[in-house]
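Next come the structures, one after another.
In what comes next, chain A is part of two complexes: it sits with chain B in the first one and with chain C in the second one.
Here is the complex of A and B:
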C-alpha cells in the first residue's frame, strides 16, 4: 500500500480556489466531499473537529424498515435507496482508503413486551408486507431462539434481515483517509461567517481570519447549519438540535457475540435499541429530547436507557459501561433532510437528516455531488428541496445577519 | 500567607533516614503522616498517586449513627469517637493548610418506603435511644417538609443531626498541603517491596530502585495492604477489595440546595445515599461488590444506583451525570480496621477500614501517631489489633514472599 498523501493547508496565503466548499465534516459532509472530489471537483472541507458530533455519538443503525412510519413513504423510499447503496459504497470506500468501515449485514430484531407493543409490531409487519419489505413475524420463543439473552418477558418479534449496521466511527475514519487520497483539503477550523455578495453565496471566512471562495458552498453542518453567521434569514428553514443520549458498553471477549444482531424494542413506553459491534462494543440508544444546544448527559437519560435495555436483555447489567454521551441530531421542520439548492444562489444544503444521517450518507453524497457537477438533483433524491416549506430569503446587507 | 515550602526528593542518593515510612497516601496514610510529623517525627510517605483510590471515590459521609449495626458496638464507639474529633481536626487542618476541607454539619435523613424498611428504621431508632444517640423519628410528611424533593412514597424517616459530611477530595488536598508544611517527603512512586531483615521490617524498596529505611513502616495501603511484595505471610490478616460504584451529579446553581442534608434509604432492597456538597455536587452511592481488584463501572451498577436514587428523589433525573466511578474499599475479615503493631516487628497497620475510612481518619491518625512515638496504642483505639484473628507470621527469608 502506498503511503497516503497528506494535504496540509498552508498558513496564511489563500489556498487554490476550490470548486466547492463543504461546511461541516460529519458523515454527510465527508461523504459529499469525497464523492464530489471523485467527480473531478476541487473540494475544500471545513470543520474544527471532523466526525466529532452526531456522527460520533450515533449508533450506526441502517434500519429503514424497522424505522418506517406511516405517512413518511417518501422518506422511506429515500432511506431504502440509501440502504441499498451501502454495500457498494462501503466496498469502494474500503478499497480506496484501505480502512475497514465496520459494515455488518446482520439484520435487526424488533421485539414486543405487551399487547400494545404486539399491536404496533403487527401493524409494522403489515406495512412491510404491503410495501414488499422482507420481515418475518416471530413468537417470543422464536425471538429467544435467535437471541438467547432476550428477556423471558418478550412476547413476539419481527425479524428484519435487511436492516443492517455500520460502525459510524470507523466510517468517519475511512472517509477521512479517502479525502486525503482525493486531495481534499480539510481545514480544521471553525467557519466564522458565510460570505454572501450580491445575494450569492461566494465562500466562507474561517475563525482564523482566512477566507475561502468557491462557486458552491455546501451546508452540511448538522444541527448548526442554520446558526452560521452570515446565512440570510429564510435561506433555509430552521434546523434544530434534537438531543440523543447514548451509552456504550463493552462485551468481554468471552461473551462475544453477546447479541447476534441489533435488537430493539419498546420497554414501558421507552424505545431502546442495542447494536452489537464486531469488536465487542454494544451501543445502547437513544433518548430523543428537544433541549436546544445541550449535550449534557443526565441521570434521568442514562437511567431510562439502562432501564429499557435491562428490560430487553437483563444480562447487560454485567457489562462494563464505557461511555455515556449526548449528541445533537439535526431536525428540520418535517424531520426529513434538506437536499439540494437553497433559496440563496450558490448555497447547497445537505442537512436536516434527523435520525437518518448515517443511513442517508451514501445517497446524500451521490446526489449532492451530482448537483454540484450538473446543477441538477438526481430523481431518486428529489422531493427534499430546502424550499418545500415556502421559506424565502429576505434581502439583506452583508453584515445584517450577524446577530 | 507565606509560600509553602516544597520538599522534592532528590534523584538517586538516599534521602535522610526517616523515623517512619507511611506506605499509602489515601486519607488514612496522609493523616497519619501529618499527625506523626506534628509529633516531631521525620516522616516519608510513598504513593504513586496520593488520594486517587478509595479516598477519591468515596462519598464522605460521617455517619456513625445511621450506619450503626447491632453486634458492632466496639466499632460504633470508635466511629463515634472519630466523628467527635472531626470539627477540631478539620479546623486545625484548615488553619495550617489554608485550604478548606469541605466539612458540613448538616445531618442525615434516613427514610423508609415500605413496612419492612419502617421496621428497620424503628429498630435503628430504638438502638440509638438505648445508646443515647440523638435521632428523631419522623412521619413521611415531616420528611418531605425537611426535604421537599423526596418521593411521595416515603413513609417514615429518622433524622440524625449528628451524622455529617466531608468533601473527601478537598480533605485530600488539604492534607497534602499540610504535609508540605510539616516537611513530610512524599515519594510519588510505587512500593516494589517491603524490606525485612532478621524478621523485622526495616523499610521499603521503591519501584525506581531507591530504598528507604526507617524504624517503623506504617502500612496504610487500603485494599492493596496485603498485596505488597515482601510482606511475610501471616504478618497481617488478609485485606480484600470490596468494590463500590458511585456516581456524581451536578446541581445547577439555580437548584441549590437540591437537598439540605444527606439522604439515605433502602429502595427495593438496594441501599442508596445522596450526599449534597456546598459547591453543587451530589454524590450518589454506592454498590458493595466482592469482585476482586476490579474497578470497572458496569451497566448494572449504574442502573441500580440510578433506580434507587430516582426512587428516593425523582427529580435527580434532571441533573447532569458528571462522573461514574468504582473504588475499592479495604475489607478485613471482620470489616473493622486493623490498627497498631502487627506480628512483624517494625510494621504498624492502619488499614482495613472498609466503609469507614473517611470517618475514621482523625482517630486513626491520632492513634497511629501515638503508637509511633510511644509504642503504645491509646485506649480509645484499642481492640482493633491486627493480631486479633490469631494470625502469626511464618519465618521466612527475605525473598521468599515474592510470588
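Here is the complex of A and C:
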C-alpha cells in the first residue's frame, strides 16, 4: 500500500540528505522529529503507519505519582520532569498545529477494594510521603463524594491532583500536523535494514528499496527497536514487547457526568484503571503480559479487565463496549527508557519507554533534539544511557549479541 | 561433605527455589535471583512465550539457572496436562511444577483435579512436582501416584501469611518418602527458616522477594534463612522447658537429665 508522502512544494524543500533520520513514528519518534526540526535540523521520519502502535493503544495517563515503584526513584524523577513540561509542550504544539491535543489536568483517584488492596494503597501513600509527592489519603466515603459512581465496596483512596491525562490519539494527530509545518518528510514505509559502514550508522534502507543517508539515525521504533535488521549485536540492550490489552467504552450523553477524573484501583491484587475523555470515551486498561509479539485480544484478558473495572464502577455494565485491542509496550531490562548515543556511533536511542511512553514524550523529544544538535544529553535526562547495563559478562544485555 | 538436595535424580546445593511472578523489572529480578543463590526457578508457561529476545527465559538462560515450568492459571486437569506438554515441547524439559487451582480468589489447589493430572503426567514420563494443600493424606496420595516431591502450601499464594498449620506440615514431612518443598505463603525470612526447621527439603517462594521493597536484599535474607533453618533442623533443637535452666551450670551437673 503506497500512501502519499508529506511534502511541501514551496519554501525550504526537504533536502536529499537529511541531518537525521527518525526510525519509528509513534509519539516518541514524532515528537523527536518535531523538536529536532524546530532546532533547525532537516529531519526525515520513517514509519509505515505513524501512530498506529502503542501510541494508539495507550490510555494516555500522565501519572508519575501513581506509577511510582520502589527502586525506580531515578525513573520517577524523569517522569516528574516530563509531566512538568506537558502544559507548555501542549500549548506550543497546539499553537503550531492549530489542532487540540486533548490535555486535561483533572487529577487521579487511586482506590482500594479489599483490606489487602487497602494495605497496598497505604504503602503507596507512605512512599509518596517519603518522596515528597503530593497525594491525599481519603476514606471510602470521601472517595465516593468525589466519584459517586464508585462501588460502596471501595474502602479507601488516594487523591493525586498532579497525575493528569492526555488523549494520545489526538496528540499523534497534532504532532503529524506539526511535522508538515516544520517540513519533516514522513516516509510511510517500513525500514528493511539499518545501514552501517565502518562501524558507523549511516542511514536506512526502506522496504521499497530506497536508501536514506544521514549523519544520525534515531531509533524510536518501540518494541521493534532491537529487531531491526542490520542492527549490530550488542549495540543496545534488548527491548522486548510487553503486551497490554485495553478496552474503550463510550459514555452516552444520558450518563454524563460519568467519572470526573482518572480512577485506578487495586481490585483483589489486580491493577485496573478507568480514564474518561472529554468527548465521552472511557478507556479501561490494561493487562501486562509477556507474550512476545502477539497482539491477539483474549477472552481472559477482557474478562479480567471488565471484572476489575466493574468491581470499582458497577455502572460500566451499562456502557457500550466500542473497542478492544492489544498493544505492545517497549520493555527495557529495568523498565526505564534508553536515551541517547548507543554503542554504535551515529545511532541514537529514544526507546524502551515501557509504561511511560506518553508521559515521557516531551522530555525525550527535548533531550534527543538537544543531543542531535549539540552532541550532549541535557542534565535532567542523563542516567538513561543505553549502555548503563555495562559490560559485565553476567548482564544479559550481552545476550543481545546472540539474539 | 556438602549438604546436597536430591530432586528428581538431580542434585542441588541451594535449597531455595524461586518463582518469578511479580518482579518489578527484569533487572531487579536478575539481582534478586543472584542474591538468592537459587539453582532452580519456576516460570508460568502461560505467562511467557519462549523465543522472545530479552525475555525472562533469556535471562535465566544467561544466568545458567534451570527452568522449572509451571502450570499456573490452569483450573482443570485437562488444561494442566496440556500446558505441561506444551512446556515440554517448548523448553525441552520433562519437569513440571503442577498447579491446578480451584478459584481465583484463594488460588487453593483443587485436590481432585491435581491428583488426576499428576497421575496422567507421571504416566507420560514427567517429573511431577505438585503444588498441594497442607493435607497429609493428599500428600501421601500424590507420592503414591509417583510424584517426585510434594509441595504443600504454608498459606495461600501471594498472601505472605507464613505457615498457618505447622503441625500438618510436620505430619507431611514425617510421612513422606519424597522431598517435601514448602510452596506458597512465605512472607518473610523467619517463615522460610521455620519451614526448614520443620524438616522441609527446600522452600519455593516468589512474592515475598519480588514484591518486597528491595527484592535483592530480601532474596539474600531468604537464602540465609533457608540455610539457617536447615542447619537448625540437622543440629537438633533442645527440648522446650517450662522453667529456666542456667546455661552456666554448677559443678554437680553433667548428665542431661
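Simple rule for what comes next: the second predicted complex is superposed on the first by the 376 of 403 C-alpha atoms of A that agree within 3 Å, B and C clash if a C-alpha of one lies under 4 Å from a C-alpha of the other, contacts with A are read in each partner's own complex, and residues count from 1 in each chain.
Basically, a residue touches a chain if its C-beta (ideal position, glycine included) is under 8 Å from a C-beta of that chain, and two chains touch if they have at least 3 such contacts.
Keep in mind that what you see is a predicted model, and the values were worked out from it rather than measured.
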Query raised in the report: Which of the two partners, first being chain B and second being chain C, lies in contact with A:247: first, second, both, or neither?
Result: first
Requested in this report: Classify the contacts of A:141 with the two partner chains as first (chain B alone), second (chain C alone), both, or neither.
Outcome: neither
Requested in this report: Name the contact category of A:183: first (chain B only), second (chain C only), both, or neither.
Outcome: neither
Query raised in the report: Touching A:289, do we find chain B (first), chain C (second), both, or neither?
Result: second
Query raised in the report: Regarding the shared-chain residue A:303, is it in contact with chain B (first), chain C (second), both, or neither?
Result: first
Query raised in the report: Which partner does A:318 reach: the first (chain B), the second (chain C), both, or neither?
Result: first
Report task. May I ask you to name which of chain B and chain C touches more residues of chain A? Result -> C
Query raised in the report: Does the superposition put A:238 against chain B (first), chain C (second), both, or neither?
Result: second
Requested in this report: Mind listing the chain B positions that touch chain A in their complex?
Outcome: 247, 249, 284, 296-304, 306-307, 309-310, 316-321, 324
Report task. Could you pull out which chain A residues touch chain C in their complex? Result -> 69-72, 226-227, 237-241, 268-269, 289-294, 331, 333-335, 389, 394-396, 398-400, 403
Query - Touch list for chain C against partner chain A, complex - result: 24-28, 30, 34, 47-49, 51-56, 58-59, 61-63, 104-105, 158, 213-215
